[in-house]
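Below: one structure, written as structure tokens.
The letters A, B, C, D, E and F name the chains in turn, as written, and every chain counts its residues from 1.
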Amino acid sequence: MARPVTLFTGQWADLTLDDLAAKAAKWGFDGLELACWGDHFEVDKALGDPGYVKGRWDILRRHGLNCWAISTHLVGQAVCDPIDGRHKAILPPDVWGDGQPEGVRNRAAAKVMDTGRAAARFGVKQVNGFTGSAIWHQLYSFPPNDFAEIERGYSDFAQRWNPIIDVFDNEGVRFGLEVHPTEIAYDFVTTRKTLEAIGRRPGFGINFDPSHFAHQFLDSAAFVSEFADRIYHVHVKDSKRRLDGHRSILGSHVDFGEAERGWTFVSPGHGDVEFEALFRALNRIGYDGPLSIEWEDSGMDRDWGAPDALAMVRRTDFAPSGVAFDTAFKRG
Amino acid sequence: MARPVTLFTGQWADLTLDDLAAKAAKWGFDGLELACWGDHFEVDKALGDPGYVKGRWDILRRHGLNCWAISTHLVGQAVCDPIDGRHKAILPPDVWGDGQPEGVRNRAAAKVMDTGRAAARFGVKQVNGFTGSAIWHQLYSFPPNDFAEIERGYSDFAQRWNPIIDVFDNEGVRFGLEVHPTEIAYDFVTTRKTLEAIGRRPGFGINFDPSHFAHQFLDSAAFVSEFADRIYHVHVKDSKRRLDGHRSILGSHVDFGEAERGWTFVSPGHGDVEFEALFRALNRIGYDGPLSIEWEDSGMDRDWGAPDALAMVRRTDFAPSGVAFDTAFKRG
Amino acid sequence: MARPVTLFTGQWADLTLDDLAAKAAKWGFDGLELACWGDHFEVDKALGDPGYVKGRWDILRRHGLNCWAISTHLVGQAVCDPIDGRHKAILPPDVWGDGQPEGVRNRAAAKVMDTGRAAARFGVKQVNGFTGSAIWHQLYSFPPNDFAEIERGYSDFAQRWNPIIDVFDNEGVRFGLEVHPTEIAYDFVTTRKTLEAIGRRPGFGINFDPSHFAHQFLDSAAFVSEFADRIYHVHVKDSKRRLDGHRSILGSHVDFGEAERGWTFVSPGHGDVEFEALFRALNRIGYDGPLSIEWEDSGMDRDWGAPDALAMVRRTDFAPSGVAFDTAFKRG
Amino acid sequence: MARPVTLFTGQWADLTLDDLAAKAAKWGFDGLELACWGDHFEVDKALGDPGYVKGRWDILRRHGLNCWAISTHLVGQAVCDPIDGRHKAILPPDVWGDGQPEGVRNRAAAKVMDTGRAAARFGVKQVNGFTGSAIWHQLYSFPPNDFAEIERGYSDFAQRWNPIIDVFDNEGVRFGLEVHPTEIAYDFVTTRKTLEAIGRRPGFGINFDPSHFAHQFLDSAAFVSEFADRIYHVHVKDSKRRLDGHRSILGSHVDFGEAERGWTFVSPGHGDVEFEALFRALNRIGYDGPLSIEWEDSGMDRDWGAPDALAMVRRTDFAPSGVAFDTAFKRG
Amino acid sequence: MARPVTLFTGQWADLTLDDLAAKAAKWGFDGLELACWGDHFEVDKALGDPGYVKGRWDILRRHGLNCWAISTHLVGQAVCDPIDGRHKAILPPDVWGDGQPEGVRNRAAAKVMDTGRAAARFGVKQVNGFTGSAIWHQLYSFPPNDFAEIERGYSDFAQRWNPIIDVFDNEGVRFGLEVHPTEIAYDFVTTRKTLEAIGRRPGFGINFDPSHFAHQFLDSAAFVSEFADRIYHVHVKDSKRRLDGHRSILGSHVDFGEAERGWTFVSPGHGDVEFEALFRALNRIGYDGPLSIEWEDSGMDRDWGAPDALAMVRRTDFAPSGVAFDTAFKRG
Amino acid sequence: MARPVTLFTGQWADLTLDDLAAKAAKWGFDGLELACWGDHFEVDKALGDPGYVKGRWDILRRHGLNCWAISTHLVGQAVCDPIDGRHKAILPPDVWGDGQPEGVRNRAAAKVMDTGRAAARFGVKQVNGFTGSAIWHQLYSFPPNDFAEIERGYSDFAQRWNPIIDVFDNEGVRFGLEVHPTEIAYDFVTTRKTLEAIGRRPGFGINFDPSHFAHQFLDSAAFVSEFADRIYHVHVKDSKRRLDGHRSILGSHVDFGEAERGWTFVSPGHGDVEFEALFRALNRIGYDGPLSIEWEDSGMDRDWGAPDALAMVRRTDFAPSGVAFDTAFKRG
């Protein structure tokens, strides 16, 4: 058999963990990647309530599921971002507080540290998430960027995340940034700079999600090869370009799934991601962690889509060759 | 003959108008599109100094050049933008003032109004420029956009630009927004919304520049056809995609011209813009204004490039057919 | 579940309805679209024999099948066409009569009216078919067309079909033209003109079949979006281009399936039709009628192909999303 | 130098031969291919008026022009076609007569015979033209073709053209069919059948025009190679596909040049024809006759386009290698 | 049902025939194509041991398997090749002997003759294999080839293989060359020359394997059509191009499966071979022999891959149409 | 102005240097790259005849030409190659001698050393050429390669070329290998290995010729960027792929220029090389040496082609930007 397949619970936060675990088990998943929102994995309870983490495991085990990672995308986003009203909608009230940007950022950083501690208590060594970025909004460079300012964005990231990773190191937990537009790293160039900014310290790696690469015309397999020693976790998610000369690759400021967008997220296997090439690259670098399906498709029923995506992974993520063919006898 | 060809002076602001006019005339241009920065066209002088506009015309006429438009991209950008340090670098000190955002926006709006008045005094009926945008930085939608906020961005634009266009209407001058990422309109969808926001009033149209469309995978000829009655001016500028699986279409936060970028601006005719299709579309809609070369290519000597671009336009912008063939006798 | 899937019986007219229904039921179809040739649905009997329509329903129900539409392609073709020997082979003798063109056209029109009446009696509200065209043969325009003559072709269509649609309106039945080369409408342009010619009256809509669009290089999803309010019925059929520089897209006057043709019909899922994009577009416009497999592939055993096509539809026609994701919590 | 370049006069029939010759000479053409309509080359006068052909030569020579071929597309079209009102518009009154189809066809055949005789008198050995086709209108095969009827179309062609070619053989003149949709031959398959139908007799060959191949997705160089011994004359004409998912490759029954068409004719060098590959193929088969520019572009001024096309041919039609490189010394 | 599917045993020579037959039967194969190496089919025993061939059949039949062909790729390779150290590794000691090239070639030829005799004794009429080539190493032509030397390569082939085919003819067995780089024939051109060199005698045909065509950019279906009467056996094998501007199509002198190669072999259905087009072509030429899966993919577990490949063939190799549709009634 | 443009004399060895220099000067070349065959640059005379090199310079200067490099492709090829009859045809008799391979290789190496000495005497610091390869013929790896043998090929190269480069170092001259199939390096992978094998010593670099990259699907600009510090000289040569499903990318063992080949050499600008991208890359790495046109096109007259190629270079090799635009003022 190949790698375990998990379901990321972030898009199912309207369901209780118990209900979702029942579904996932029925569909045949091997485990869940728990989101730190909804009731799936609550950091404060994990740290404050002695029985909480055992209770989470009880639910998972009852359904025959395992867990290899938890995820803190929403809080992580606020660590480096310029803060505006959109953050209020995704942050816990105690992180948002009075909404003063620097305070929000600091409270978010503290919460991510707690998430590392909670993961350790939970017995999971991988926390995935976002970092935010002080410079994302300068993407296009008009008015012309002061590129020293761009460099300061990477320093700001390092300054804010080094203390977090110090905590993670202490706890024996690693952070995996989901490389993604709006984050400090979203492609090859920015990932190189990001890793260098933080001194390539092992506590900070990548949760690789190919859906953010397909619409940028980036080669996911090549990324996995270049950053092989920092691929700590993998999402299975897909996106599809719908370019016809009328739809912009930039998204037109309309929501995902709108007919007018030049690309959108789709159920894994229905888009432009070349999963077989990606999985072969993961084989070459020796990645044996979970493939975690982050299911999102605004045009498909999710109960139809999740098992469809699982089946796609099962039929595509074959085991690598275990036989050293004697090449002298094999050709023809 | 086909349309006149002008040179936009914005990228040559280090030269005096006289020196630049001499070059342009020697290369064979028909006229100049004057930028409202450097010494090329100074709005305050045009309004305050009785002999100024005549002096400008004297320079142009001495070199046998004409003028159909002036441009106010830099000041226009500040009308709707969230203001930050980058604006300081491109704004006149009297517009920047104390740098308080709303004050900057208001002073920029006033300066654009003056630009319309100055154009009228100068005897030119077209002012091109940027609008800025209150919502551009929400491009990707993470944290998730409140799409009502996006709609408010269009209202904010209308509220700020309607009074400007009132002045333009009084002066008999029209504004041409260069549809462009970072502006309120940058593609088909956003242009539709922008024109609707301002009630499709005739004083507000488009300075069409195809270089901003090629890297978005948009069809310039189709755009010209759809917005035929608002194509008031045309830039000839080019961009080239350099996608190889490692370079992102989003630009990687590195400067134009860097080897790592997924696309960059290049001298007209050296990129992905399909100029013949565009010019044929302009013929179909009856556009007979200037084709204004905005020359920008960080990898080419500009004195080599400008006449090369002019030659490209001359050999591509053929006149439409003036003969009504008798189709019964023409086939074969 | 998604939409019902039916089998169009036109290519199985050598089997009795009872035999075909048994096969279709075994394969898992939800119903049949009955052709008005062979013994599947006989218009004259439906009107003349009081027990006929009940007998048809008995057969269907015995096999657990439903029916949402009947089809009259062959007779419909003769309503507008210039008539030649090829029509004799596909028309009932009483429609062909003496073969004088105008008489044939009139008798065909009367028979289509009867078909609408028969459908009503049968309790089915959708009749699909062809219209023929007075101008199709002028496709290439050499000798050069008199384009006023082309316009007269659309008028001729309206004049002949308005009385038919009057009958349909009376009966509460709608006609669905299969947009198709050789018909008055075969692409975007001609469909616009056709619908306008008949005043966009609701009784006349479209039976959309994407196989006729793929070889014309037309976008089926875009068509469905543009003509959303006239998509009354949908065929699932496929075609494949086989262009290699030696085979013409025009067909070379050789039969479908010949190796030398530049395109041919193939079993659904084996060709160039992008069914997922089409089905997503149908979701967006709210189409909830049947997907009717019109099976045709001269290189495949039909008993192998029909269930293969059904499986393709089942795995591709997923239900749209019924959940309004709380976008604030869903991203990542 | 390479091959001579001529201008086909068919699209310039509104000008007198003298006026057109003056233009062509000024542009630098080597000669004219004279159309048998307008006043350029009148068959009846050539046969009836003893001084006529000398007069034509006098005009040509005064302008320094040569002539290698005359063309009879319009009359030739009527030889095999079903005749309708469109033919009346392109035929001389004495050929149209009472418009009874078989009579028209026979008079057209007689006129083509006369054209061969006139060519001989004029001292030119090549007559180009169309054949018409009894079966073109059965292109799509619905109602389904009786393919025996298609075969009869080729026989009909042979029966009507063999007597014409007998006359040509007697006169020492060859006919060149412009392979073209609406003619008996329009692609590889139909050209094979056509040549076989007429026994591959040498008097009947091809006037190859690549503009009719590009929109069929056919390889012009491969055609020239396959039918090398029947390439008697070559037209330089171009066409461009404009497929965007909304425009059909079939033409939508709208005129050439309309924005909605999926392809149209354009000035040579502005379309999809790969002229260099074609000219290299002509070099390989040893074709040394004229390249005759048939200029047609509804979106371009013809006085701009004709010399532009000539320049394209001059810079693309290079001479083949005359040196047998000693390969032992040439590599590297 | 369609064609039988066999497994070529060459890549499984580390397993005994009995063990492999058990696997293949379990997976659902119809038979095995036995390699003449490992213990699968030993030529010397087949000729020398009276009970051997019955023993082989006993094993096959016990597992419900059939056999239509045996293969002698390794020994065949040595018949025409310049011999070097690489051959020693793939040849039986009695063929290698002292390693003197001409002696090796002659002993290899004798062994191939014996293989034909053994096949006859075994009751199988098809022997597949390689021929080697005296000229393969002159592929690029630098230093420049003496092309007379190339022609001598084909003569050398004919001279060495005619006596072998004489033996095959006597035994009623046919040879199938796997057209393949490194062999005398590897594409269209060289196959034409090879068949001509040997006088197109029926005893020498082709074991067609499309995996060797995909990386050459060759059309497998077209090959099958051109050489229809010599397609004696078919391998199902696949290859994938991985061109990204950095990997050469020539292979870089690194082993199959290395990340740096521009193409490599992959499990059938995971590469660039268009199997449906190939199988349809096989239907058109009437090939009803086995489809023999030669499984090779250095990045996939073979026990996962073999049944995956079998499933691909079963769902793609549909039966051709057995019904002559009455075309007059079928369209729509 | 940009870089000087020279003509490589290797394909013109049938002309005397004086005659060729006259042609090149007339066409407008800046200089010649002299081949060490024909009478253009004779190594033995340069070393043995005191007035020879001055005489060469006299000829060049009389025609206003310069020289930056000489080339020794033919002799260089023999240094590492397995020797066969093809080498005899390209080697001087004193190098060929008795034709014993190791002797030929040694004498070739000695001659290349002399070439370095002669270049120094001639006052030219660049010698271009080939290396040959002990392993090229193992390109495809069947019989399967022993990859240790491949590694030994690189060692053999280093062992034979290190002493040559010692001589070059002493003379202050550099060698430029033309990366090319049949040489030790022909793509990215093999160039990396080659440079490593020789310790990346500066005396051994690259004469980059993009024509050998286009048919391998390699990115010339990326190559120039990766090996920036070893790009010592640049050839301008072109090749064109002609893939149509019937022609193999491998060449079919037919000569360059044959219609059946999948690719061939063509005059610069007529093929698949992207010269502008290459020249921009050369600008970025600061290459300011000559662009040397190696003209080869078996389908074009060379006297037509050489000036056509020169014109292509002149219009494509623009100077890089010398102005540091003040980005704050340049955008729009």
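The rule is simple: a residue touches a chain if its C-beta (ideal position, glycine included) is under 8 Å from a C-beta of that chain, and two chains touch if they have at least 3 such contacts.
Every value quoted in this text rests on a predicted model; they were computed, and no experiment measured them.
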| item | value |
| --- | --- |
| Chain copies touching (chain A, chain E) - same or different residues, decided at half shared | different |
| Repeat of the D-F interface, chosen from A-E, A-B or C-F (over half of contact pairs identical by residue number) | A-E |
| Where chain A and chain C are represented by their mean Cα positions, the distance between them in whole Å | 46 |
| Euclidean distance of C-alpha centroids - chain C vs chain D, Å | 40 |
| Sites on chain F at which at least two other chains make contact | 74, 89-90, 142-144, 219, 222, 244-245, 255, 327-328, 330-331 |
| Residue ranges of chain E touching chain B (in the complex, touch as defined) | 244-245 |
| Chain F-touching residues of chain E, taken from the complex the two chains share | 74, 77, 81, 85-87, 89-90, 135-147, 149-150, 153, 180-182, 186-190, 215-219, 222, 243, 245-256, 260, 262 |
| Parts of chain B lying in touch with chain D, wherever the complex brings them together | 219, 222, 225, 276, 280, 283-284, 315, 318-323, 325-332 |
| Complex interface listing, chain B residues touching chain F | 8, 10-11, 13-14, 35, 37-38, 71, 73-74, 89-90, 130, 178, 244, 255, 259, 270, 294, 296-302, 304-305, 308 |
